[in-house]
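Shared between the two complexes below is chain A, which pairs with chain B and chain C, respectively.
This part shows the complex of A and B:
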């Protein structure tokens, strides 16, 4: 029993997931990964994307074992009402934390780059309000808005990168493997944490109305994210080299660096636009997942009454998760990536494992019964 | 039902507010801004002196027939001192009635005197203060930077524009703030800046500030500090090895042929090939150049294959000499890795580099550097045989 009767196509779901990963990562990943992996940082999304594959695999697997069930319902189905509820609560505990962090990162970015005098609450509040309205209108609307915005997102991002090409120095790719594989693995932790957000699929797959191409479409979205992330990293590296990690938002610096024919300059506003398009979809998706899971957990028939209270809670979290930028930085750095990975990859994977074992056990028992009969 | 009605009752006044709140409460219009076109950094009385060239919008010329754009009087200079560059900037604002906007500052001039105090403070500021552009071109100046900014170039709208055009044209080294930071932070820790001076005044001009800036030589920085100025011909070699030599005409003399061939290269490329063999570090530099002859004061005809070959050879020799002089300057005199050899070693021999990074200064001074040059003359200009020799047709 879903709390929303709307249906989306698998393509729409793929569209929703792209900015859910990319929107925040294009700003943070380059400087995070260069810190550990040095000039090999362009490889880190490749390694990190494995986490994405695993998340997609877990989500699809759970969907295969429990068709039409969201992750919260799967918890109940596996462990029964009481333990299932406790486990579901773990996710309900984590989701507003993650959403709050995203909102907070958004607010800080806009403040430091575009609207220094505007109060944080206005910036974050207006975005959350719009996202809440989007979420309240149902999954179909979220799906469609993301289709439109993600297209714009890619066009603008592509444009920015094309304009930068002549400033790049391919020699910055060397030295190859300067810091060795362990550092690359460490640098991959951040992209991996972002890629593990693909687990949102476990909450959203039940809303799909065409199950035949889902796997292929989702892998397509995964590939697109990998490529976009590698390209972003490459552009930052080839432009700034060792300096990449000394900037808060390297992509902003890269966009500011564009100067073509004396008039194509100061287009960093484009990056802000890209970011807003992306973050709108990202917050909407996370908020939707949070709200619908809460409704399921409580046992409501309709998730809508929860949208605004839940949004307000996320706003609260946006203030609670961190104090200032240093705090936010520490929340997206190495150790916290493990925290993210635990909620988004390890626990769901464990669930999948247990579900698989249970199913196997059930089959064996059934087999044994059948044999004896 | 009642909930929906309530929502409408709340929403209506909220929405109507948007009609009144146009978002103008903290507007910052263009005529509230003082747009800085160029920044100068000087060192005066033990303090940083920051100079800003501010664009002066023409009053009332907006509508109707705008007067023809001419140089004089469209910019003004303001300077302020401070113990740090940030303090100087703050004091600078005290002198200007509009909010200073540095986002259009495309040129930064750092005087050699200020450079002696170290670039670190300036680099950090330019990369941290939100408005400065990373793409702004950085120059060095012989005298005070503010004097350069104060110039009113008759050719361009303002001297910032002249400097920017000069950087784009490739007169001297084209270095942006980002390049500067990369050079200093990189393993070589050096940077080469074009050096500017006020061109010797021509008598026809009315005032001494109606003049153009001139690119004259290079200022060399090592570990973030100004160390030396080089002028032609040494600066040519330095620029060549930094792959920044553009827009140049070289004089080539061939032994045995009296007179001079002037060659304008289309392309000069120095390829650095690092090598480590049996713990012995060495660097091979291949100079590849192509160009055409633009002047021939000798009696030799360029239509002849031997003459061409001789000119090419002499040109190669000259390039080699330029390069060797520049290397000698770097290795023996300054002990500064001006041509980013360290970057090359780090890229191609990461393991050895990591192991010996600390001894790089030693290694660099003893580094064996081989220079080879390959020159090709692609054309002899519009003419083949020498022109303007009296009566040569009759011989």
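This part shows the complex of A and C:
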């Protein structure tokens, strides 16, 4: 029993997932990965994307074993009502944390880059309100708005990169493999944490109305994200080299290099626009997942009454998660990647494993029974 | 459908055939209606007749010549009075023997009242408990002219008129197929307006047809004076600023939309017909897109998309950039803007609001003023707003340019209802731009897209075919494919 009657196409789902990964990563990943991987940081998304593949695999696998079930319902189906509820609660605890972090990153970004004098609560509150309206209108509307804005996102992003081509210095690629493979692996931990957000699919796959092409479409979106991430990393590296890690948002610095015929300069605002569109989709998707799984966990028939309270809770989390920009930075940079990976990859994978074992055990027992009878 | 008439309960009765009783019933219903004419007469053979009609709507000259005169000359009035004959005989012979092309035999008083108010003439013969309604409408109104609000350089020059019959014949002229259907409904408890639901059988989806038929029948309003009265009652989302039905005066537009599987509603008394379901992109298309060179129409179409965005966002983008993001403006341009704004006492937002509001006022005044004084408005507008305000240092020249471009942009939107909604939405976005800069503009844009995504016009998503995507439909959005490449 889903809490929303709407249906989306797999293409729309793919569109929803792209900024759910890219929107925040595009700003933070270059400086995070260059810290560990140095000049080889452009390779880190390649390695990190494996986590995305695994997440997609786990989500699709769970969907195959329990068709039409979201992750919360899968927990109940595997462990029964009580243990399943406890496990579901773990996710309910984690989801607003993640959403709050994203809102916090948004607020800090806008404050430091566009509106230094506006109170944080206004910036975060307006965005959360807009996202809440979006979420309240249902998954179909979330799917459609994603499709519109992700298209704009890619067009503007592509344009920015094309305009940057002449500033690139390919020599920055050298020395190749300077720090060796382990540091690349360490650098790819951050992209991996972002890619593991693909596990949101486990909550959203039941809403799809065309199951035939889902796998292909989702792999397409994954590939698109990998390419976009590599290109972003490459551009930051080839523009700024070792300096990349000294900026919190290197892409914003990169945008300052753009000049068109000595007339159009300082088009960072375009980057901000791209980013607002992306972050809007990301917060909407996360908020939707949080609200709908809460409704499922409580056992409501309709998730709508929960939207505004849940949004307010996420706003609260945005303040609680960290204090100020330093805190957010450190949370993104260090241990949190492991924390994220655990919730988004390890636990769902364990669930999948248990479900698979259970199914296998059931088959063996059935087979044994069949043999004896 | 409730009918509000006088004479309590009288309308439920049947015609008696006794002339004095029938005349009394109808007389009490039409009490104080001086335009209803009662005429009782006796032929030389002694048969009595009662004739009731509405003087202005019914062609009395034809009534006399074609109905009353033959009745009088006929022996006992039998041959020429259809109500007396068996219905079978009637069906076989009425066209040959009755001198009027259309007549209807009725029994109830209610039908009689409707017919009379519709411009038909009611004739009752003494002793026959039925009446005959002769359709003798006097042609009222004007002949088809070119629609003022939707002109094209190339394309048909006729437009709908206020007469439903003329309008339906304008459509039939272009659709010579029995698949072109018209269903008649009566809406409005006081106006009892005839409404035609037209569609093409086999092209339209039957579920859509059922939906609109049901909504029209459920509609309970007292008056239908303009298509808007109906539109507001049957659209999906009543509180949307965006038009969910396309109002047009052009028969060729109706025909081409019918052929794409839409339906149209024609309303007696207004030249505007309603077409649905529509999408955002149909609202940004002009019939001329299909009447001219393909490349030209693609170019114009993209120009229109661009200016649609400009008419929505240009003033707010200007406000946001000059207030919050001055670094984005190239230095030379920034200097000239700064010079122009130096002596302006207002912040950019207030300046923009003043200009936009006075522009809207000018436009509204230009529409309402009598044509003779219309030129005064343009002189006042150009001279005072354009010249004096800048030289007095109240408004800067760049702002005037922005407002002018925005004005032109909103005139470029081919559908008037669409351009009014962008005019309206411009103001909240301007406020957002004044408070939160480009971030605010983006949030406003996002809100509009959210609304558009949730909007449906008779079940069709408003942003289709872009989202939900249909590759076939996209051809007519980003491009205008030649006819042989389009479906149907």
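FYI, the second predicted complex is superposed on the first by the 372 of 373 C-alpha atoms of A that agree within 3 Å, B and C clash if a C-alpha of one lies under 4 Å from a C-alpha of the other, contacts with A are read in each partner's own complex, and residues count from 1 in each chain.
The rule we apply is simple: contacts are C-beta pairs under 8 Å (C-beta built on N, C-alpha and C of every residue); 3 or more make two chains touch, one makes a residue touch a chain.
The structure presented is a predicted model; accordingly, all values stated were derived computationally and were not measured.
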- [ ] State whether A:242 touches chain B only (first), chain C only (second), both chains, or neither.
- [x] first
Open item on the list: Taking the superposition on A as described, I'd like to know which of chain B and chain C A:266 touches: first, second, both or neither.
Closed with: both
TODO: Tell me which partner A:257 touches in the superposition: chain B (first), chain C (second), both or neither.
DONE: first
- [ ] Go through the superposed model and pick first if A:77 touches only chain B, second if only chain C, both, or neither.
- [x] neither
- [ ] Determine, for the superposed model, which of the two partners chain B and chain C contacts more residues of chain A.
- [x] C
Open item on the list: By the touch definition at the top of the document, which applies to A:277: first (chain B), second (chain C), both, or neither?
Closed with: second
Open item on the list: For A:159 in the superposed arrangement: first (chain B), second (chain C), both or neither?
Closed with: neither
- [ ] Would you please give the residues of chain A that touch chain B in one complex and also touch chain C in the other complex?
- [x] 265-266
TODO: Spell out the residues on chain B that touch chain A in their complex, using ranges where they run on.
DONE: 26, 103, 127, 130, 133-135, 176, 178, 181-182, 185-186, 346-348, 350, 353-354
TODO: Quick one: which bits of chain C touch chain A in the complex? Just the residue numbers, please.
DONE: 321, 324-325, 327-328, 330, 436-440, 442-443, 446-447, 449-450, 453-454, 461, 463, 466-469
Task: Of chain A, residues touching chain B in the complex - done: 112-113, 116-117, 171, 174-178, 239-243, 246-247, 253, 256-259, 265-266
Task: In the complex, chain A residues that touch chain C - done: 9, 11-12, 110, 114-115, 118, 122-123, 126-127, 130, 133-134, 137-138, 140-141, 143-145, 147-149, 263-267, 269, 272-273, 276-277, 280
